[in-house]
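Each chain gets a letter, A, B and C, in the order it is written, and its residues are counted from 1.
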Amino acid sequence: MKIIKGLLAASTILATAGSAAAVELEVTHWWTSGGEAAAVKVMADAFDKSGNKWIDGAIAGGGNARPMIISRITGGDPMGATQFATGRDAEDLVKAGLMTDLTELAEKEGWADIIRPKKLLDACTVDGRVYCVPVNIHSFQWMWLNRTVYENNGMAVPQNWSEFAAAAPKLKEAGVTPLAVGGETWQIRDMSGTFVVALGGIQMYKDIYINKSVEAAASEGMTKVFKAIAEARTMVDNGYVGRAWNDATNMVITGKAGGQIMGDWAQGEFAVSGQTAGKEYDCLPGLGVHPVLDTGGDAFFFPKPNGDKPEVVKAQMELASLLVSKEVQVGFNLKKGSLPVRGDVDMASANTCMQKGLKILENLDNVLPSGEQTFTPDTQGQLEDLWVEFFNNPDISVEEAQARFVEIIKYAE
Amino acid sequence: MSAGQPKVFWLRNFPAKIAAIPMILTSLVVFIGCSIWTVVYSFTSSRSLPTTDFVGFQQYERLFGSSRWNIAVENIAIYGVFTIVFALTIGFILAAFLDQKIRFESVFRTIYLYPYAMSFIVTGVVWQWVLNPTLGIQETVRQLGFENFEFDLISNRDTVIYAILIAGVWQITGFAMVLLLAGLRAVDNQIWKASRVDGIPAWKTYIQVVIPMMRGVFVTALVIVASGIVKLYDLVVAMTNGGPGNASDVPARYVYSWLFERANLGQAMAASTMMLITVLIILIPWFYMEYGRKNKN
Amino acid sequence: MLKEPKGPRPRKVIAPGRIMLYTALAFAALYYALPLYVMLVTSLKGMPEIRMGNIFAPPMEVTFAPWIKAWDSACTGLYCEGLKVGFWNSVKITVPSVIASIAIASINGYALVNWRFKGSEVFFGILIFGSFIPYQVMLYPLVIITREMGIFGSLWAVIFIHTIFGMPLLTLIFRNYFAALPQELFKAARVDGSGFWGIYWKVLLPMSTPIFVVAVILQVTGIWNDFLFGIVFAGVKNFPMTVQLNNIVNTTMGVKEYNVNMAATILTASVPLVIYFLSGRYFVRGIAAGAVKG
């Protein structure tokens, strides 16, 4: 075995010696669609320009990429940098000492002052040290509406959830599915989470998601949320099993459905179909009730290279610094349809809906941490199971569901 | 070597023992090792990386309290029984038919077998379309004028597992067929000649002589089909992603989602320990009957 | 058809029984071919037609653009080079893995049947048990094992992994097939003075073509379609074709190009398909029987 190891080590030395000038950094991520790839290209180009080389390691589907990323880091074949969702995904890897510490760079560049909301950086911080770079803000709390469907059926375009619910029976009569949903579990989980904050209000959301308050989970407000979800499950068609989110969005675009509750990335679909915000389609942040955004999003981690390789660490620092730079933030987020992590950049060319989002971000009271940041993936998973079952099984009563919800919050971590 | 057996016992069959080293190492280090590893970490609170923070039976309490796990177990039982029955009977009938000096045998064989070659990532999607009430068979038949035609297994919580069964059988039967065909072809031609001479009808020859002779191949096919059932994962993900709700969840998907997406290795290991125990309960008595007895002879 | 005293291989060409036989086979073929048909017609349609049309309807306008795109220019992240990138890597992984796993497993089966030693059946039992362990569970320990061997992230690791995972079912296949062969031949060869390897090469192999074909089918399919082990163990330079297939097919955020997905799937599956079709030549009956007669 030693011989094999020795040979491998020798060959790596040769390889690095040969390319000493430009450090190659393999970057893994799961951004593979057209718009996403264009956004990644902004990062890659900036990095290549700095005299290094970005080796793209795109693996579609976070569920596929994650085992690969974790295995390769623990197996001693780490990539130069990798995407993870902002949150606690990588916490264990950080604690095992497998990630490069970025604190020095963060302090030098004053990330604490420029990154807003501050929670984004907190999510990257473990025991006071910074281990990742947040690159964007994605929020789920949006409702997308097809304006023409309502206008053609002689109705006003709904301005909030209760108007939407009131219009649903009439749409059904007209042969239009009121609410387009997909079958993937995360869609239903995050849609339900949207109901919690939009109908229950910010205080209740914080009590439950941050303080893990059992009282709030059992409160009247939460009952209202469960009732609304029970109402929503009557508004869907029965072909939704296994449907992808973008196929559901396509139903809204083509007028087969009235609206969809989906994250801001849905805008990319409308854009591809040549539709304009405010004209063919409309958006209601926070379901038009409480205009709030959560601060989900993506971050980059930098696994420690195998062995002592200062040149790799140096390249990692350079990349980290580039990711928060103004140019990359603007270019990347315009292409991605997400919001930048710093407030001091010019986003004038963003569309109406993105502007709405930016406006909400100005008041930090409207900005909430997402479930990924406050709960462990484990608790998230239990909640997901509950939401999904409740949404799909009309036999589960509101009381029963809320009782289970309280139980999960009680043991939440 | 052939000149007589050495006296020292481990030198007996020496080349065979050398040749068996990979098998011995694999079974001991990998399979036994991994099973022990699985069981040990099922008693910990490990998240995305294994830790030795032991928490007793906590993971099991949670597992048994999970309605999702119970659904998964029920589903795999239904799916398992039907898949074994259909794959082996249809597989054998097709193999027996193909063994009749069929023209274009290669074409037929390839058609039955091709599903096995395709990644479930996409064939699952195709089956989802075909079975989807608003896109597939139901809609097409309705467009032909049968307005009340109903074929909607996939969006109903109680029947969705049968939709998955249709695709699962479609995928595995071809391989069972090929395996059984190979078995049929190892059957001595003399047997057919003898039965023809005695005037025994073909179907009787199959049931009374050939199938008993093919016992080994049937066992092989059974094990392959069964191990595929235990590991059923990709198809469910591609076709329904466990939906509607978690109505089509299966144990392997449960394990996978806690292992990677939800970063609770302990829970995943508790679930896989339960899977391993179930397999052992079925396998040990069978194995003893099948091979233990023969050894004594 | 049952009245006539005839075996399974009648010489007559157009007996009523034959017609029924072919009809049954053709009907079965319909069930099996239906999804492939849907895939084919979808892969030949443009996206607008897919959104509007019936999934069973043949394309109004046939286009081969999705096929060309899938092979040559479909994007996976930053690189737009289609499936072709991973093709040779898949070959590089599949060929040695298939050979290694079949060689080892056939020897296992042979040793288990003809050269039993104390405890050999126990190891076999463990192997069978191993075939029921979900792959995902063993991922982490195997990462550690290959790391300690110093081969993690290389072609060796992925060949090693495929050999291990192929071993249970292949060993079972060979063991049961060899056990069904007439033992007289083996005994005769031993009397003639042939040893372990001599009998394997000269007696067993020539009699076992159909089962080797089955083993090749099993392994080529499993290894060619493998995705998980490829991305975890093979290292970036050796990513197999399924990585591109996954990236083309599984892209969640963005328009799903179903026609390209279908074309990509059929293209990826074409290697096992060609092997299935060609294996027909080696699947003929009578080899074993011929050997018996000598």
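To be clear about the criterion, contacts are C-beta pairs under 8 Å (C-beta built on N, C-alpha and C of every residue); 3 or more make two chains touch, one makes a residue touch a chain.
Being a predicted model, the structure only gives us computed values, none of them experimental.
Student: Shared touching chains for chain B and chain C?
Tutor: Common contact partners of chain B and chain C, which must touch each of the two, are A.
Student: Counting C-beta pairs in contact, pick out the pair of chains that comes out on top.
Tutor: B-C
Student: Give, as an integer number of Å, the spacing between the C-alpha centres of chain C and chain B.
Tutor: 15
Student: If you average the CA atoms of chain A and of chain C, how many Å lie between those two points?
Tutor: Distance between chain centres: 38 Å.
Student: Cα centroid separation between chain A and chain B, in whole Å?
Tutor: Computed value for the inter-centroid distance: 37 Å.
Student: Two-or-more-chain contact residues of chain B, please, as numbers and ranges.
Tutor: Residues 125, 135, 259-260 of chain B each touch two or more of the other chains.
Student: By the touch rule stated above, which residues of chain A touch at least two different other chains?
Tutor: Where chain A meets two or more other chains at a single residue, that happens at 67, 74.
Student: Going through chain C residue by residue, note those that touch at least 2 other chains and give them in order.
Tutor: Answer for chain C, listing residues that touch two or more other chains: 136, 140, 227, 246, 249-250.
Student: Can you name the residues of chain A that touch chain C in the complex?
Tutor: On the chain A side, the touching residues are 1-2, 4-5, 8, 26, 29, 31-37, 40-41, 44, 54-61, 64, 67-68, 71-72, 74-77, 79, 244-247, 250, 254, 265, 268-269, 272.
Student: Quick one: which bits of chain A touch chain B in the complex? Just the residue numbers, please.
Tutor: Against chain B, chain A makes touches at 62-63, 66-67, 70, 74, 88-89, 91-93, 96, 183-185, 237-242, 376-378, 380-381, 385, 388-389, 391-393.
Student: Could you please specify the touching residues of chain C with respect to chain A in the complex?
Tutor: Going by the criterion above, the answer is residues 51, 75-79, 136, 139-140, 143-144, 146-154, 227-228, 231-232, 235-236, 243, 246-256.
Student: Would you tell me which residues of chain C are touching chain B in their complex?
Tutor: Of all residues in chain C, those touching chain B are 2, 5-10, 18, 21-22, 24-25, 28-29, 31-36, 38-39, 54-56, 104, 107-108, 110-111, 115-118, 120-121, 123-138, 140-142, 145, 163-164, 167-169, 171-173, 175-177, 179-182, 190, 193-197, 210-211, 213-214, 217-218, 221, 224-225, 227, 242, 245-246, 249-250, 258, 261-262, 264-266, 268-269, 272-273, 276-277, 280-281, 283-289, 292.
Student: Would you tell me which residues of chain B are touching chain C in their complex?
Tutor: 1-2, 9, 12-13, 15-17, 19-20, 22-24, 26-35, 37-38, 50, 90, 94, 96-102, 105-119, 121-123, 125-127, 129-130, 135-136, 139-140, 143, 170, 174-175, 178-179, 181-186, 188-190, 192-193, 195-196, 199-203, 205, 213-214, 216-217, 219-220, 223-224, 226-227, 230-231, 233, 252, 255-256, 259-260, 265, 268-269, 272, 275-276, 279-280, 283, 287, 291-292, 295
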